[in-house]
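Each of the next two complexes has chain A plus one other chain: chain B in the first, chain C in the second.
Up next, the complex of A and B:
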């Protein structure tokens, strides 16, 4: 057996000596990428169709509401009511964005690559959740801003603008509540499957099947059941919290009955908080399992 | 039972995923039993359960998941090539798959609707709902199978139809109900068992003709699309 004749040449490999960004930078990058993914930015035109369809519809409705309102000189819809009336579109947007955010990574098996970075298991789902909640908040907040600008330019003095601003802030907070609740539930469902099609179907099924439960509970022969009915569905749950905290913003028509909460207003807020907490806990548990694989 | 339908059925039921379809019909029956047991008037719980949950949610969502699953799932993971390279005429691929989708959807939806209709009013209403839902399953499945050949994101396209067209628009702009399968089903069920629980503005002849038209047209479209189907991958 002859002596090995191979030579190792020094072709100039070097170690990376630059600044190493830590956990926060990874989290930030995931978050920004997540928000962009939700709207299809930085991706092909086909990925933009559905998110921007929803954005287009909500902006169009906001524009129409503003235009008609300024013509007839009264407010058609408060900022909080706008979020309520867009609930179907919010559900659709969650069904579009949540599978894009988590199901693709599960399906293509790239999670081990993520977790080989200085990224704790907790950060990945939290960054995605934050990104989805931000995207939803922007979806509901941008049209409210359009309505605000329309109303502000219609008003004649600064006092009117200030009044509008005082109405806008609770509207944006309410939109934030919508965003957090829907993002938590939607992302949890999407993280269960790697198939985007199944994830989208599952999200819509869960959100839609809960609404008729409210319908049935609210006609049962028990006052407590009627007043607690809204808890059964995420959209009516959020609405209940809104009615409890800012009734005059959510229900403007004095003749309209609206859902009767009785004395259970705080229960709605508590259940909303528990729902979000439970969804986040389950999401973290799910990713602990996925990361261990 | 042809090989294609056998493969399709196994792809649909062979996975645990199929169990995810069960909560919807079970919920329908549970709500009906609960309302009946607590003595709520059928005129009060009938519309939200039978129409609001049964015909507006369970039927389209089950049809969407099953209808896009029979062909879309195979296109998604690329195994459709194995079927396409056999010397089968394209209609012999589309029709068995459509038949499996219709069968699965009809059974999943018609049985709980029959039970709910029975509890709400009579055997006649239950049968009417079951028959109308099965007819609706045919129309929805044809639509969603065709959708899975028209686009790579059939579920989202189907959701646009179910949520935005049927859910949002046809409640606001009643004219769009003429193009809504949900209202065809309501009209047909109301014709088969006239009660005050079901209410629509679409006339029965329109509903019958349009349902047949939708089913046939979208099946033909699916067959035609599969003739010139391109399996090129897409990375968006």
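Up next, the complex of A and C:
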């Protein structure tokens, strides 16, 4: 006979003598928590609806593109073009995920619980930023992987797989650029308010309201203004960097009238880098202020 | 070892507001009550102890460490329970406390175990898997306490732990804090604007007012020297008061009672003699402990 199992023994309080991990592990824990939060994992069913709807759409598009492409025997869309064409969905994903990551914490007042722990003030926003960028990169990268698997294994020889891989890598890098720029801008906006609706609206506004500016600049009677127009909006800025660095991946149709950058390609890259740097600097400054409250 | 030591600690905020002024105090391990009216500088002191604020002048040491230069080392050994609402409503208590345990440096499995232990110790069992948003104020306070305990700190900083609780909840929370301080072997600093609460559970009391130290001492030292005799007569209270005053006893009135500070054994004899002389019906004569509140009553009176 075993011991009765219904008895609960109160063994009293036990001191913790086990391992205590350092800064890197703490950062990692916050980062993983952030990536999960972006996809609604570990949260209510309601929080999962939108992220997984977007994931479903991008995967479906990727599947359709692959299937149709293999039927008619030509590439409908390069990997980089896929990232481009999904930019609207990325904007909406950022508008939901970024407030979920930072505005919610501002609202609930949980930050004192973080900053009273051995977590350096800069680590909180950086872990969140990295988490959002990772989530966006996965959102754009996973469908590309689907396309790659589809295309690589409908071809017959290993050479085709290698060719596909050479196209996939720039596509994933391009997705990374989208992810970093959009995460930096989106998270900064979301960190300014504890109201998630305001944060989401602000993010959509910044990404979408800047598009008309690009339109106006691109019809001004100055060639330089036209060529620099794309800088005014994050989406066209990223596209500009893509056109400069991997033109044949982004623009496949030789007759297409893609945006003309002239000699300003490097300017786009520089502005993109400065934009990310400025957003990160402002984000860190923001949290230095928040932590002292 | 000294728990907390400050030396001429001063904090002046950006707007020129002096929150703490030349605070010098040394506190030994145990349960420490930090009392003061709202705005006395309690929260500022806690933030300085956590290294969240930098002192304008002076020095501060917690568990022998300087929080301004080694904040991570201090925070790894300190648990903090804030005054205000700080729980995300859609997470369950178990998830939240586990996550915060990880942020304190515990490995994931250890964090999960310690989280359910900590929640059990504060009295949350099956309900810990429900979202915090549906908890009562008392349960939320317990979760806040559990998250401060999860990483097994050496010092707990509790900012107004009884805030918003009903009398029964207050008693339960104070009993819990007392148990943590005595049975768990964790030192506790309890902030409160209610002296009557903290004096019940503290070994040491630190009183601040307007950013300045009023008094810091062991509870025992504060009460033992200030015993009073309470005298009650069925009639002739006024006459007795006059007679005692004439005997050079500093008598004061409190309702139907006359209070006389107990200097030595002779005080008894003088009072009994006076009552017998006046032939008054003595209802009661007993020694009573001075409430700590009365120590501060005069100086705090204008703020409370």
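Here, the second predicted complex is superposed on the first by the 278 of 293 C-alpha atoms of A that agree within 3 Å, B and C clash if a C-alpha of one lies under 4 Å from a C-alpha of the other, contacts with A are read in each partner's own complex, and residues count from 1 in each chain.
Basically, contacts are C-beta pairs under 8 Å (C-beta built on N, C-alpha and C of every residue); 3 or more make two chains touch, one makes a residue touch a chain.
In this text, all values refer to a predicted model and were calculated from it rather than measured experimentally.
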item: Touching partner for A:56 - first (chain B), second (chain C), both, neither; value: neither
item: Chain B versus chain C as contact partner of A:219, first or second or both or neither; value: first
item: Which superposed partner A:266 touches (first chain B, second chain C, both, neither); value: neither
item: Touched partner set for A:47, first chain B, second chain C, both or neither; value: both
item: Which superposed partner A:209 touches (first chain B, second chain C, both, neither); value: first
item: Partner chain in contact with A:13 - chain B first, chain C second, else both or neither; value: second
item: Chain B versus chain C as contact partner of A:91, first or second or both or neither; value: first
item: Doubly contacted chain A residues - partners chain C and chain B; value: 43-44, 47
item: Interface residues, chain A side, partner chain B - complex; value: 43-44, 46-47, 50, 53, 57, 88-89, 91-92, 95-96, 193, 195-198, 200-202, 204-205, 208-209, 211-213, 215-216, 219-221
item: Partner chain A, residues of chain C touching it in the complex; value: 47, 50, 52-53, 71-73, 75-76, 78, 80, 82, 84-91, 95, 99-100, 102-108, 110, 114, 117, 121, 131, 147, 151-152, 180, 183-185
item: For the chain B and chain A complex, residues of the former touching the latter; value: 17, 20, 23-24, 27, 31, 34-35, 38-40, 44-45, 48-49, 52-53, 57-58, 61, 64-65, 68-69, 72-73, 76, 152-156, 159-160, 162-164, 167-168, 234-236
item: Chain C contact footprint on chain A (complex, rising order); value: 12-16, 18-23, 25-26, 29-30, 33, 42-44, 47, 104-105, 108-120, 291-292
